[in-house]
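First, the structure itself, so that you have it in front of you.
Just so it is clear, A, B and C label the chains in written order, and each chain counts residues from 1 on its own.
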Amino acid sequence: MIAESTGLARKDLLGLEELTAEEIRLILRTAREFREVLDRPIKKVPALRGLTVANLFFENSTRTKMSFELAQKRLSTDSIGFAVSTSSVKKGESLRDTAQNIEAMRVDMIVMRHSESGAPRRLAEMVDAHVVNAGDGCHEHPTQGLLDLYTMQERFDDLRDRRVVIIGDIAHSRVARSNIHGLLKLGAKVGVCGPPTLLPMGLPELGVDVYPHVEDALAEADIINVLRIQLERMGVPLFPSTREYASLFGITPERLENAGHEILVLHPGPINRNVELDSRVADAPGSVILSQVTNGVAVRMAVTYLLAKTRLEAGHGAL
Amino acid sequence: MARSDLLIRGGRIADPAGDVLLPGDVLIRDGAIVEVASSIDADVPVLDATGLVVAPGFIDLHAHFREPGQEWKEDIASGSRAAVAGGFTTVCLMPNTVPALHDQERVRFVMARGREVGLADLRVVGAATIDIAGSKMAPLGEMAQAGCVAFSDDGHPILDSGLMRRILEYAGQFELPVVQHAEDTGLTRGGAMNEGVIATRLGLGAMPRCAEDIIVHRDIALLEITGGHLHIAHASSAVTMDLVREARERGLQVTCEVTPHHLFFDENWVASCHYDANYKMNPPLRASSDRDALIEACIDGTVDAIATDHAPHLPDEKEMGFGAAPFGVIGLETAFAAAVTVLLPHLSLPRLLRLFTTGPARVFGFDDRGRLEPGLRGDVVLLDPEAEFIYDVASSASRSRNSPFHGQRLRGRVVATVSAGRLVHGGGNRLH
Amino acid sequence: MTTLQRKARIMDAHRMRRAITRIAYEIVERNKGTDALAVIGIRTRGVPLGQRLVEQIAAHEGEAPPFGYLDITLYRDDLQTIAYHPVVGPTSIPFNINDRHIILVDDVLFTGRTARAAISVLIDFGRPRSIHLAALIDRGHRELPICPDYVGRVVPTARTEAIQVNLSETDGEDVVYVCDLPPLTEPQS
């Protein structure tokens, strides 16, 4: 009995930019099997018994944290959460201090959410433990990107040459970046759409098309990923009002109707209802927005499992 | 105690005024140069310069020694040690200490601490505004009387155009330059690196180059009506170089400095450094075309001086995440090697040395140093421009370790530094 | 990929068919028909074997018991120690297993650890009335107190040997070999 050997040949998951298309496909394939586990009467497997995971959320995020915790419990890991947002750590513990403390606790895997772009990368280089990026600043949110890809693949088996448009604040969105990298690797055609003040420099160099008008985006899109919009960043308003945003870029049944073809609508949540996304769209019978949440658990199980396996292999080699 | 008589013998003298290296000796008595000749005999201690280049001590127009207020990052003693290790015998310190150097008392304090330490001659750039807060002019006259060499709010720009106009006008009466940190902060708020596709990919706050260009443009426009001397600190933009050239052609007194790190690195280093905040400085590392323009401007004489912007921060302060980390890198000990590595292919050594000696001396009006001539201060460096090495920041005399040059292969070593006739760095085995 | 040195053919297509037919009869006999019966194959070769059993039972009884299959990867007890990276395979048990008599099917019964894992999977799906184990080959060397209820053939083997089961569905022909494992060049666990 010889098993296929197709692991993730990496210690950490920091972003989709650094993954190969093959690695992304492996994660999505594995997630499909975990998705089935979630429908079992007992939604838990003993696969990662003995693996200790620390969930370090230096920035509030109820949903992503819950999803990771659930994924870990489904795999029988021992998980601990640091309530960072309420402790003194919040303001000004250096990443090196964090790293040294984690190492001292003999943690095998760290799931990190941080307001600073690159913080998980820095941490990953300082610790032996696996590091999973649960969202860093405006950089990447790889598990969100993967669950978006998974959800898109549920509808369109092959994303090659599918037109996906990400709508909203591209400049400050880690979800947008992970989507862009992941989709391009899987051969999709990627566009973005939003107010010019929310579009960063260099998008064409990344291979991304810019749609100034949402109607044009919808006319060409097979899939749209609608981002949560924030009026202000660090006290600076980036567009005049949420009402104006809704009237220019909000996704309504009427706009979708005018596109003249079926469009799959994703939203990473939480939704600002009737701002970026009309409630009638969010709650439509075929909406996949809640499937995204379920798929998120499966994708995070797959990532945890595949990374943990590389650790076990390394540990085995050292024996 | 002061051994201020010294004969530097057997080296090749690089006179920044010329363009060649000539064998010769330098005799210093009572801290001042008394003779420069092809062969000198004197009954004083001899520093053997065989195989080395002899040049005037370097002058840094721009450094932060953090004393008073943030001595954990650097203090005047550690900063002075780093300075002489890098060949700098004169260092001009910026006023953004805590509290800021905005009155004659504080200016005198820093200069006195420098004399106590007794390694390099420390000069002070006085704050242009009270608390470098950018609203109320500091007592420029009193600080000038106390010996400050220029005025600046460095770390911050002087943003208010009316205030900048008055400061240029007022400083003009003392014939001292106003040093501008050119940054329109409305464009750079929350920024961490140069704007462009790399910042977009890394998800880092963007600082567009035009934030510098706008202020340089405005300040030159102001200079047209005020007269006086404007000096652009740590210029990083190709546009700045064009603006400075053009303003000078119109007869305006505009000078500028560039840092070793802006000459050596561009923004691509940020893409590959894995969010190492030792590549975070303000202004940020720019596009490679900007870097090329800075190098070109060093060659054609637009750049007056290479200034280090030596800005120490502790490792823990830098390791808060790239966006949250403070701006700035140390640079006194790597400045010469960085310049040699980048510029020597394009410039002769004497011409390169102008950027460390006669150039900065002219900007801040030092007429007693920067050349090897009788009557000038006995500030001399012994250089090995051929020596190659891999820089290890652990060897730094600074209290901080935030160097982007760590691990870089560099060429050009400062072998010994003589300050006012005293050997203050290296060369112990060459002293007889 | 390890290459196995085949040294003896211990079962051909004809004998394999006979063995499966016999097991099918025994299952029906022991369970007094197909009532509440279900067959679940252990991936990978337990799946076609289980399907053949279902077909045989249906041929004789006129009714096919429900069939499912399971993947034990996530229940292995050696995930911490094995050197390769097991790919997680699909599990499909499209019926309620509560109060059913489950026949677990595998190709080779060896240490018993796979069967143990498969039982754990089943128990996480519900509470069957009974679980019985069917294996085409029992090669001995049990490490757990597990005993097959239906066996195609008992083959005494050495630990240095391997059993290779080829099935037409997965390998193009029905045949079973005893093979030699290649000698280990350096000690490995």
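Please note the rule applied: a residue touches a chain if its C-beta (ideal position, glycine included) is under 8 Å from a C-beta of that chain, and two chains touch if they have at least 3 such contacts.
Given the structure is predicted, the values throughout are model-derived calculations rather than measurements.
Every chain gets a centre from its CA atoms, and the centre nearest the mean of all protein CA atoms is that of A. Relative to chain A, the most remote chain by averaged C-alpha coordinates is B.
Rounded to a whole number, the gap between the C-alpha centres of chain A and chain C is 39 angstrom. Centre-to-centre separation between chain A and chain B, using Cα means, comes to 45 Å. Between the Cα centres of chain B and chain C there is a gap of 77 Å.
Residues of chain A in contact with two or more other chains: none. For chain A in complex with chain C, the residues that touch the partner chain are 2-7, 30, 32-34, 36-37, 40-42, 44-48, 50, 75, 305, 309-310, 312-313, 315-317, 319.
Against chain B, in their complex, chain A makes its touches with residues 17, 92, 94-97, 114-119, 121-122, 125, 136-140, 171, 174, 177, 200-203, 205-206, 233-234, 236. Within the complex formed with chain A, the residues of chain B that make contact are 189-190, 195-206, 274-276, 315-317, 319-324.
Within the complex formed with chain A, the residues of chain C that make contact are 1-2, 71, 73-76, 79-92, 120, 124-126, 189.
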